[in-house]
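Here the structure is laid out as structure tokens; the discussion comes afterwards.
Read from first to last, the chains carry the letters A, B, C, D and E; within each, the first residue is number 1.
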Amino acid sequence: MLNLSPTDVQAIWLSAKVATTATLITLPLGFAIAWVLAFSRIRWKPLLDGLINLPLVLPPVVIGYMLLLLLGRQGPLGELFKTLGIQIIFTWKGAVIACSVIGLPLMVRSIRLGMEQIDLQLIHASRTLGAGFFDTLFSLVLPLSIPSLVTGGTLCFARSLGEFGATIILAGNIPGLTQTIPLAIYDYTNTPGGESGALSLCLVSIVISYLVLIANDVIMRRSVYGLRKVS
Amino acid sequence: MKLEVSLTKHLGDFSFDTDFCVDGERIGIFGPSGSGKSTLSNLLTGFLTADRGLIQLDRRKLFDSDAKINLSPDHRRVAVVFQHAHLFPHLNVRKNLLYGHKRTPASQRQLELADVTKALNIDHLLKRNVTQLSGGEKQRVALGRALLACPDLLVLDEPLSALDKQLKEQIIPFLRTTLRHFAIPYLYISHSLSEMRLLTDQVMQFADGRLQQITNADTLERERMAGNRHGYLNHLTLSDPHEVDNLISYRWGANELFLTANERLQDGLFGLSSKDILLCKKHPHAMSARNLLTGTITGIMPHKGAVGVELNCNGEILLAQVVSQAVAELELDIGKTVYAAFKASAFRRLT
Amino acid sequence: GEVRISAAASLTDAIKEVSALYKQSHPQVELLVNFAASGALAKQIVAGAPADIYISANPKWMKYLQEQGVVAEETTKTLVYNSLVLAGSPNAKATALKDVLQMRSIAIGSPKSVPAGKYAEQALTAANLYQQLQQEKKLILAKDVRQALLYADRGEVAGAFVYRTDAMLAKQAKILFEVPQDLYPQVTYPATLLKGAEGKTDVEGFYAFLFSPEGQQIFVKYGFLLAN
Amino acid sequence: MKLEVSLTKHLGDFSFDTDFCVDGERIGIFGPSGSGKSTLSNLLTGFLTADRGLIQLDRRKLFDSDAKINLSPDHRRVAVVFQHAHLFPHLNVRKNLLYGHKRTPASQRQLELADVTKALNIDHLLKRNVTQLSGGEKQRVALGRALLACPDLLVLDEPLSALDKQLKEQIIPFLRTTLRHFAIPYLYISHSLSEMRLLTDQVMQFADGRLQQITNADTLERERMAGNRHGYLNHLTLSDPHEVDNLISYRWGANELFLTANERLQDGLFGLSSKDILLCKKHPHAMSARNLLTGTITGIMPHKGAVGVELNCNGEILLAQVVSQAVAELELDIGKTVYAAFKASAFRRLT
Amino acid sequence: MLNLSPTDVQAIWLSAKVATTATLITLPLGFAIAWVLAFSRIRWKPLLDGLINLPLVLPPVVIGYMLLLLLGRQGPLGELFKTLGIQIIFTWKGAVIACSVIGLPLMVRSIRLGMEQIDLQLIHASRTLGAGFFDTLFSLVLPLSIPSLVTGGTLCFARSLGEFGATIILAGNIPGLTQTIPLAIYDYTNTPGGESGALSLCLVSIVISYLVLIANDVIMRRSVYGLRKVS
């Protein structure tokens, strides 16, 4: 039933690689931002909150366009990367950046929802025991946030698997090089009779995300520290 | 330890405004709910920042608004034990205990894990998950965790108030000996005078965010004698136990006392309520009470309906409590001699 | 009454202007125009989306609709033509197709899904250039013509094969040369009435206006070529 | 109420296997931690489903594995009060109280809000947010909530064990009178014998998931007399109070007793520990103890180191406790007469 | 600075209407599904979980096509709606359906994260007080889930504001009728000199989502029932 061409197989590997990398990048980033939003008392918090939410609110294509302006040959960051010898546009790194930006708001909101339930007294206790700010962050807040990190990671991974609009602008649609599953599906759907190819790739996406869901549940069950004690 | 505090802090309607300097190792903070005890604790640890003032612990300035000094909580070396243990749920008991210890410079580590687990009797719990501990075990682990951080000052903010009476009574002697043993200066915050008497030398009494007086728990308890259901609790240091028939004989200064035998054979501090002492004008002959001491009355102190009678029994002081009619009937007066009778079962071991 | 038009996205501006003009003389007619990719439009129509007029950017999707039997075939005719050009920076020296070999990178629509990309592939293959470009990894595939143009306009690529009409939208990029018409099939925009729309006076009126000199002139203004 | 239970349930390593039929309104469940008390409670309410068996409450079958009957919790009419109040955090006190009441068919509503709030003394709390209640208030609201659902059976699963001693003592008389007042049959689960004595008529003793015996709390406490720090607590029903000088005189059957005056002038049940009673062979003349009764010895019961001496004082039974030497020294024997002395301050009001 | 044509204004109203309606639809639906996933013991739970996640994993365009097939002339649901006289395709209702489907996984996951922290004893208490299954759901679980409903609602609303791929397929891109903000932006990017129009619409999106974020924070602060008591 599965009907996969060699470039499709490459697209699958690439998608898995991009989604995984994007998730691994946004996990620490999302954790840090969620921390700031949940605990710190900086003044421009609402601004940060709004900014983080942008990629959720704007159409992905617009986000892709903005990233192109930023990271392109003439963009401010693009020049920086060029001097470093790093090529972002038209490479899989571009896809990673696109997916990371799109997935970040989902990550941040999940982690924050979990973090806001951590007992402040625990943090107080940790500080008085000599743990500094960052020490407390890593030795206490991080492990207690695992359930929400897992949720955030799952959302980000899944969204990355399906991300199309921003990726195609930043990474292009080059089979074998930057073509992820959604882009390959797009190619199929724009060809009369391409349905079966598109369907096969959809199924693969579904299977991958399903595996991630199962992993999610397993980690979740192990890391909810007695929050729900069954009588 | 010398602690100098002079702070002002406004929290909504509540204002905390206090100025004191205490010198000692075992200091109590006593006061009704809402009097600012936890506020003081938070100001000391650094979770609240005062509007203005100074905190100086021995020679270190922890906070000084004029000099713009405000050490962060992890540099203050002030550890806290809260009402609820607040153990870290993702770490087992051992890792909880070592949390602060690992973060203390080796030069300042005065205790090792084994010392503390032994003193607190939690050796067997080390590998447990903290959700599997009873309330008293949790609180002992929290105490151990704070001790192992070897702080310059330990703040105990009603550490026992969430425990039931029985557990409290088990844990207080424990606390007393361990805190003594490890010689870490502490502030003990509590509503309970009996805890204060066992655990502190001086007591600072707070009300409405202001220091009322610096006194001691014994004095406070005498003042409250009549209102207290158990009367005033005499603290007797007993020694040299040995069994006599079914009882245990102890030395109390120059006196011999008999206690029932469901007791360890060990020196210690014992409580004897002023209400458990019967006074007789004449020797009462055959009587079920195993202890009968002759005492000279050295003080008569009426407190509301009750009258405290202070006796000198061969050099030891005992406070008995009788109703006012009895004073007249027994013709009690300073300098007179009476017989104080109390049962072998009236004693309660405190340590 | 209502006239529902499903038109390929590359016709957006031209159709908008034609509609505005038509409305001046026929204020009672309500024109509802739906712009999207030709394939998406075709699938919508098959799924039963209401439409009276369909204008595709290539004959492939028109043929698909004919096979599905939803088209009033006797009304199908070519509305306009387009041509393929290379757009790039004004400083670039390329003047003929073979010059692309000297360029840094070239954007084309993904040949699988973008008709303009397919035409570019055909032209380059006919000129024996495609294989070499591919081997040198100089081809950047885009999801549609606009995206290819965007890359050229922003200087991300040295040049992009796009339609003439698109190239005229670019801010920085200029048309460097036209691709010789003998290297690729002519780019046609077929239009048609859909089954059930025949006989509606308002629909037929607007359909006729598209082919009228007034209408056609507007298409020319946006760079389309006329079906002489 | 007649409750018939015959259930088997396996939970991991633990197996619950019990078979009993009790008939009464005030039943206690007593047993060590982990003996299956809460398991029984969960089986009764329907949160655990037994592997096999039957639960019948009066004429209603709540569960019958043979007949495939398993009523859902909301149809069992068995309400619970847990150790922690578990009030609904999004509702105020009033709405918490009415939660079950609103869901009870009008025909079965035997109580109204006002009755319960008055009895539980929570009128003034009705508009409060539940996070603003003290532990004791919370537990009273939880009890009121359960009562207002007018259940056929109320299960109280250690409802007081999270409260401190003082609160417990305040709330028990309350519980006793309200539960009596509303005549709702209940199962009272607890570790505490003193709670059991005040609140239950029969006690089922559990161990390891099995019923050991059906007895009563008084018997259990006598058996534990020597081990209990407070001895055996005599329950005295005192009446007709009136002030005499600084004291209050009460009738106890044919006797007159004097209590210190920090008491309400009200009939009630009072506790007097067997350890607070002194026995004298001869009349002791001038003595500070305000109560001196003549009693005939009706029983001598050795319990480990201590000896219980049962006295009949003008028809009322009193249990005193002395050390074994005293038995010899005072020549105590059945039928003999002795003087029982105890202080006016030795009493504790229980209700 | 804002440069809005009359059809842009219509697009803004439409987007607000669509996002609001989609949020209102997915709130009860997400609540019900989250409940099943968090509390029930049905066997096909992982299947349901996977199904709900599909719109997150697959590219929006694919979801759009699937919905088109389902709701189209020959689709099973399409026929049903036709007999009811309801037109979905090429109406704003189509946009609502597209956004609802895309937003649902975000909604479900947020609500579930919150629900899984509700104390089971509270539910037990409610049942013994005579509240049946559904009664407990509405009188207890629902109010206690408000913080997570708010988070879920915010995510769904924001995502709906930005949804492009599925909407354009199902609802079409008809100015004044089904053209939402992202579709109008798409049109602008196909027009010479359309940047300023696109930018204006992006700004409007941002402002709307910002208002929603603020509302989120306000409700949140009021409804976290003493979970975080500051010492």
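Following the convention adopted for this analysis, contacts are C-beta pairs under 8 Å (C-beta built on N, C-alpha and C of every residue); 3 or more make two chains touch, one makes a residue touch a chain.
Heads up on the chains, UniProt names are A, E = Molybdenum transport system permease; B, D = Molybdate transport system ATP-binding protein.
This structure is a prediction, so every number in the text was calculated from the model and none was measured.
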{"item": "Chain whose average C-alpha position is farthest from chain A's own", "value": "D"}
{"item": "Top-ranked pair of chains - ranking by C-beta pairs in contact", "value": "A-E"}
{"item": "From chain E, the most remote chain by mean C-alpha position", "value": "B"}
{"item": "Centroid spacing, where centroids are CA-atom means, of chain A and chain B in whole angstrom", "value": "55"}
{"item": "Geometric centre distance via CA averages, chain D-chain B, whole Å", "value": "31"}
{"item": "Gap in Å, rounded to a whole number, between the CA centres of chain E and chain A", "value": "20"}
{"item": "Euclidean distance of C-alpha centroids - chain C vs chain D, Å", "value": "89"}
{"item": "Sites on chain D at which at least two other chains make contact", "value": "47"}
{"item": "Two or more partner chains touched - positions in chain A", "value": "65, 119, 121, 124, 186, 189, 231"}
{"item": "Residues of chain C whose C-beta touches two or more other chains", "value": "none"}
{"item": "Touching residues (chain side chain C, partner chain A) in the complex", "value": "37, 39, 60-61, 63-64, 105, 107, 110, 112-114, 137, 139-143, 147, 150-151, 154-156"}
{"item": "Chain D partner contacts - residues on chain E that touch it in the complex", "value": "119, 121-122, 124-133, 135, 139-140, 143-144, 146, 223, 225-226, 229"}
{"item": "Contacting residues of chain B [partner chain A, same complex]", "value": "45-47, 72-74, 76-80, 82, 84, 86, 88-90, 99-100, 103-104, 129, 131, 145-146, 149, 151"}
{"item": "Contacting residues of chain E [partner chain A, same complex]", "value": "46, 49-50, 53-62, 65, 105-106, 109-110, 113-114, 116-117, 119-121, 124, 147-148, 151, 154-155, 158-159, 161-165, 181-182, 185-186, 189, 198, 202, 205-206, 208-210, 213-214, 217, 224, 227-228, 230-231"}
{"item": "Chain C contact footprint on chain E (complex, rising order)", "value": "65, 68-69, 71-75, 78, 87, 89-90, 168-169, 172-178, 186-187, 189-192"}
